[in-house]
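Common to both upcoming complexes is chain A, partnered first by chain B, then by chain C.
Our next item is the complex of A and B:
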């Protein structure tokens, strides 16, 4: 599988989808909660912080070209290190993936399949995820590069359809909930870029460090810009504090589109593109869970793990009692603390691996002398 | 083995296709009943009296919505009323005796009775916003009197499609200036806003059965010091009109949050639109500046966006607005040659003064009588603060009541119609 290679564009599209998918869930509302009328500043500010953190990571990565984070953990701490880091990332994905799966399914149920049981709606996504994971990372990434432009068109149509409701006064007072809330309180909100951690696992598929760096920077910048635009448009249309009420910000915006008797009720199309993006995200998630299990426990094959993992995800996602419980888990825990796994853990692992590597190289040189 | 896997994948894809049909949610269009208008009154035997005007698609389709014009309008709808504790329990009750399931996705208008609106509509709005079937573009109307009576009186004559009738009726503000756009989503946003307050279209049933019954008791012309009413000096239901169409749409219901606090007549509504920045165009009648017993009629249009500013002087807001309009001459009854270079300025000045007086009267009513900022000066004021906390502590709506005003109106008469020069009678 390590012989698989995919291009920069495919990788960037996949990462953009992973990070920006939140726009179609509760992200714009959460930004309004954090920053008030200045909620749009939060993704922009956290983007800058993420770029600084990635700059450090990419500098440290130069010594480990073509290796994923599990390989680097092996260098840093041997088998113990590899298993520990693998388990941490697994816990991370096993936490967020069922939540997103549940949220997408519940949202589809709320909007479209009202009478259908939640397990039925979940199956729709689960089967897609299983098929995608069987087909492998190459297929997933290439499909993502087809889906992302389609979703982008849907996103742009919703934005353009709402231009007539734009009102700059809705962004005032300019500092919203205050500079402290935005610039200090929002630091943990770097977690909105936590999907970025997938990059550490696709490093072997993209090869050189230069590409790794370009893909990382490009995907972070584009996702940050998309999320900033997403939050900005929402806040330009829905005034604060009403903006903190809506369950699915962009579904509301899609419902507002109304140009004459013909161009209205476009949310049905929006829901379709939205599910496509969700399916692409969830497929990547399932694939990387089984991939990490395989790497962590040095297994030879990953495919036999797909169905059991999907069943586990299906079961876990039904544990939260309600949609509100899932939303709280995502907003109050994952989107506050996952930056530690996405940015701080890799820095720690890379530093340790660098130290160990240098020490070993020093010992070898000493032995030669 | 490879062949087996391929078959498995194909089977899984087929299984997924079957799920896309969403068989649990299978609903046929024919199995649904589509209300076009919903009316809410205070209930007698329960909290709420809910009236539904249901579209009869067979009648609409049968008579054709575009051709022929008129005649079958009253047959294109059916009206039902129930007393119920809540909106959804009412729907449940209705579903027991209407053979089709009620689907609200084609509702065009929600009518609240004035009595209910004065008690507050927030709890009903929340219930509607939460439901995906209620479209954000639904119009909010307040009926002077019972909503049930109003809905029963809606019998369109020129349009057989009732949905289209409401769309056109409530979009007429663009060329009359006597009502406003009161789509549910904007109304809802404003009920929760601390900077701008909502308005809803004011509707009613005409109290005159024939032209012999006409009187001016309900007109607001005397309050404005006029000898005779102009066309905007009425509220819904009071207009001196009669005919097949019993309903009347004129003026606005003014809200403070979710509670109705007052009414504007057609004339004040025009000034509201001008200050709000949503005025488009309308015919406008005013007394001739030189011969007061004669009228000048103009087609007034918005020229540029209204400029608004709020200054704080001695801790009191000073509301400054500059309204920029243009006009075409439609009629000069006196025959005075206002089109001439010498006289055009006189007419423009007279129109500006007339509008300014009306706007000051409207602003005074808005601040002192209603205490609600429906023109959105608060949106400008909000920009003077850095944080939301500072803005909230400022308590705009309390300060608004003590406002003073500075209104500038700029009118340019652009076109004289097809006559370039007025000549007096011989």
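Our next item is the complex of A and C:
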């Protein structure tokens, strides 16, 4: 592949897009389920936990500047290690990406194209993903850095439009379902940041370690703040337990925006902006799936893999019976266990690689002597 | 059969994917040591290219000599020159000694260097220029008296391209009349004597290759041959009729200079030099086109422009192998990175002040003889939205105009598509009163809204295209009348709804607000794509279109510069004059994405008087 480089701001925007996209899908409802009226505390708390975990990871990463996780797995366990780690990440992405794709399409179908079959709506997303992946990660990252500010403006407009419905009493009781549920039970919910694992794959494109740390910390903090605000606004507007029933929360919030006879029912515009963000996310996802396949199996080209992978995603995407089934899959399975893949697996691989490297250096020194 | 197999094989078998990255604009670190090497290589490349061209033209001469003669000419007398005198019926008006010199004449087909015999040179010229059939070539023979010797000489030029006064006064008169005057000089050699004392012309070249004489004569020079020396002289005596420097036709501004380029290369480079009186502004000569030999000038400022960019432009210009090139539009299509891209990747402008401004930013300009449009490269998407007036008017007005322009562009691209999407899929967005109005107007129309829009857009494009070709005062009038009457009649006939007329009119006006001609065309094409996407899937289709267009543009490059810089790859200090403009005293640095040598345009405090005020 040609030499790819991108800067800090682009990488940060891309990661924010990947992690924060869930706000427009099922995230606020899940937070209401997990923490009750204190659901907004969960992203804040998990942000702190993930910052600690990332601190450990970045410390371990100092020895492996400019290498992605597959290369490090190669150092740790040879070909077997590389293939194993690659397959685990592939399974991870192959699980979440069709679910998100399905949720976006159902999103659009419910609010805009009611009579179209789901496959028709999916085609637009898939074709957009294919074209973007074909043109390469640089193009996707650059368009993400243009799209994210636009979507952020849309997000702020929705929040500001709902200010008149804010009611702090909806946040009471302040600790919601109880401190145990929030602080202990929500630990697996670090998985809301599981999109962060793409950072390990863009390490070679970033280069320096210092930038790697900055990007990681900045993207985590910003996404955490955005998600906290997202959950907070939702809980301020919609009272518990109704908040656990809205499957696509922010579209309802967009519908509530009502300023006089002219500025009302504008959720279609927001569907437009959120679909842009969704397309950016999905293109990144498809690109990284294809890229991981290429790196895991040491292939020379990745472009021929794009269309077959897209077809597989399309097929997997249609397996859940309905929107509720896919939300269930995401909320109950993925967002409970993917933190193991996003944070624990890299730590294990890095430790193992460090150990193996030290052993090899020790042997070399021994040989020299 | 083999073709079918080959085609099938091409479709089915795996092909290595094409390299996407074509040219990388080098960064500035460590470029100073490469400077000298690059310029040396460029000079050598230039010389070797010149040699190759000479060989090419010789090759052309050789290949064109054994021409196939049609059946009519098979029986016509053949005029052989200087050799076998068979069939030599026609006599040329000036020469008489060619028949006398029957013995020992060299074959003119093989001549490449100037011969010391005048008769050979004359024979070559007659053969080469097909004199006397070629009636506007003038071959004048005369005698020079120099140092008590009378030496035969001849002169050749093309009537209509030369200034006859200069020829008479600066070349013929001194050689024929004034050579009798006692001249104090010691040169024994006639050639040197003639050059140093007898031809008082400001641009005189001594050449020994016949091809060089031909090239110069073809472009408005005159060639002088003197018997007894193996060199010839060429003098630049251009004097043809041309359009003067007038207002630019396409880029009108209210505040700012009103001069535009014309078709002459030297006039155009002169106009740019008049603005940038900088000795570091280099204007390199490059000739493009095997037969047309169109002279072009590659202009850049030596200590600002990135060397690898200049080398890349030069490399592309020299690598063009084509017979004729007539206009800078053709050159643009031969130079650009991606011909299938909807938007232009090179700016073509008629204004010298705009070219000068872009040269000071570190860009490279190519001036083509015969075209009033000068090409400037590289360009980014945002450069295509700028006009020169933005710098000349005050900061608040310039920003207002830019905002209006962006809105106009967005409307010209998206408005019809959005209308179709909203009326078909998102009716809840329309406020109730407006919904009633639209519904009332659309009630009688028998077509679905997409057909309506396509009819109206097509009619508008027809009117626009027809208006360009109608001469005189009828042209613009037809546009207005056509628009008004056709639109009104269509509404009265219930073919389209009135709201649609407004939409199409606003779209058209928005497209005229785009400063760059090529971008206007691009958005005319893309607009149809958005109409179909909006009709297919509403806002999702529009979003899909925006995303694909965005990714397409961000993956494009123009001479190594990413097309969406500084929005795409976010570059440092990139926003001083991009979307909105800072006040002029705040625009301190040049754009970073060009990797220029000298980033600072002006010091931090460029209004020194404000500092002095504070001190006082």
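Everything that follows uses one rule, which is that the second predicted complex is superposed on the first by the 368 of 369 C-alpha atoms of A that agree within 3 Å, B and C clash if a C-alpha of one lies under 4 Å from a C-alpha of the other, contacts with A are read in each partner's own complex, and residues count from 1 in each chain.
Just so we're on the same page, a residue touches a chain if its C-beta (ideal position, glycine included) is under 8 Å from a C-beta of that chain, and two chains touch if they have at least 3 such contacts.
These figures come from a predicted structure and were not determined experimentally.
Contacts of A:136 after superposition: chain C is touched, whereas chain B is not reached.
In the superposition on chain A, contact of A:116 is made with both chain B and chain C. Shared-chain residue A:337: touches no atom of chain B or chain C. Contact with both chain B and chain C is seen for A:127 once the two complexes are overlaid on the shared chain. Of the two partner chains placed by the overlay, chain B and chain C both lie in contact with A:261.
Contact with neither chain B nor chain C is seen for A:183 once the two complexes are overlaid on the shared chain. By the document's definition of touching, of the two partners only chain B reaches A:36; chain C does not.
In the superposition on chain A, contact of A:95 is made with neither chain B nor chain C.
In the superposition on chain A, A:166 makes contact with neither chain B nor chain C. Comparing the two interfaces of chain A, the one with chain B and the one with chain C have residues 112-113, 116, 120, 124, 127-128, 131, 135, 261, 264-265 in common. Chain contact summary for the complex, chain A toward chain B: residues 36-37, 110-117, 120, 123-124, 127-128, 130-131, 134-135, 167, 169, 172-179, 238-242, 252, 255-256, 258, 261, 264-265. Residues 5, 9, 12-13, 15-16, 19-20, 22, 24-25, 132, 135-137, 167, 185, 188-189, 192-193, 195, 376, 379-380, 382-383, 385-391 of chain B touch chain A in their complex. The part of chain A that touches chain C in the complex is made up of residues 2-3, 6-7, 9-10, 108, 112-113, 116, 120-121, 124-125, 127-128, 131-132, 135-136, 138-140, 142-143, 145-147, 261-262, 264-266, 268-269, 271-272, 275-276, 279-280, 283, 301, 303-304.
Within the complex, the chain C residues that touch chain A are 14, 16-17, 19-21, 422, 425-426, 428-429, 431-433, 537-544, 546-548, 550-552, 554-555, 562, 564, 567-570.
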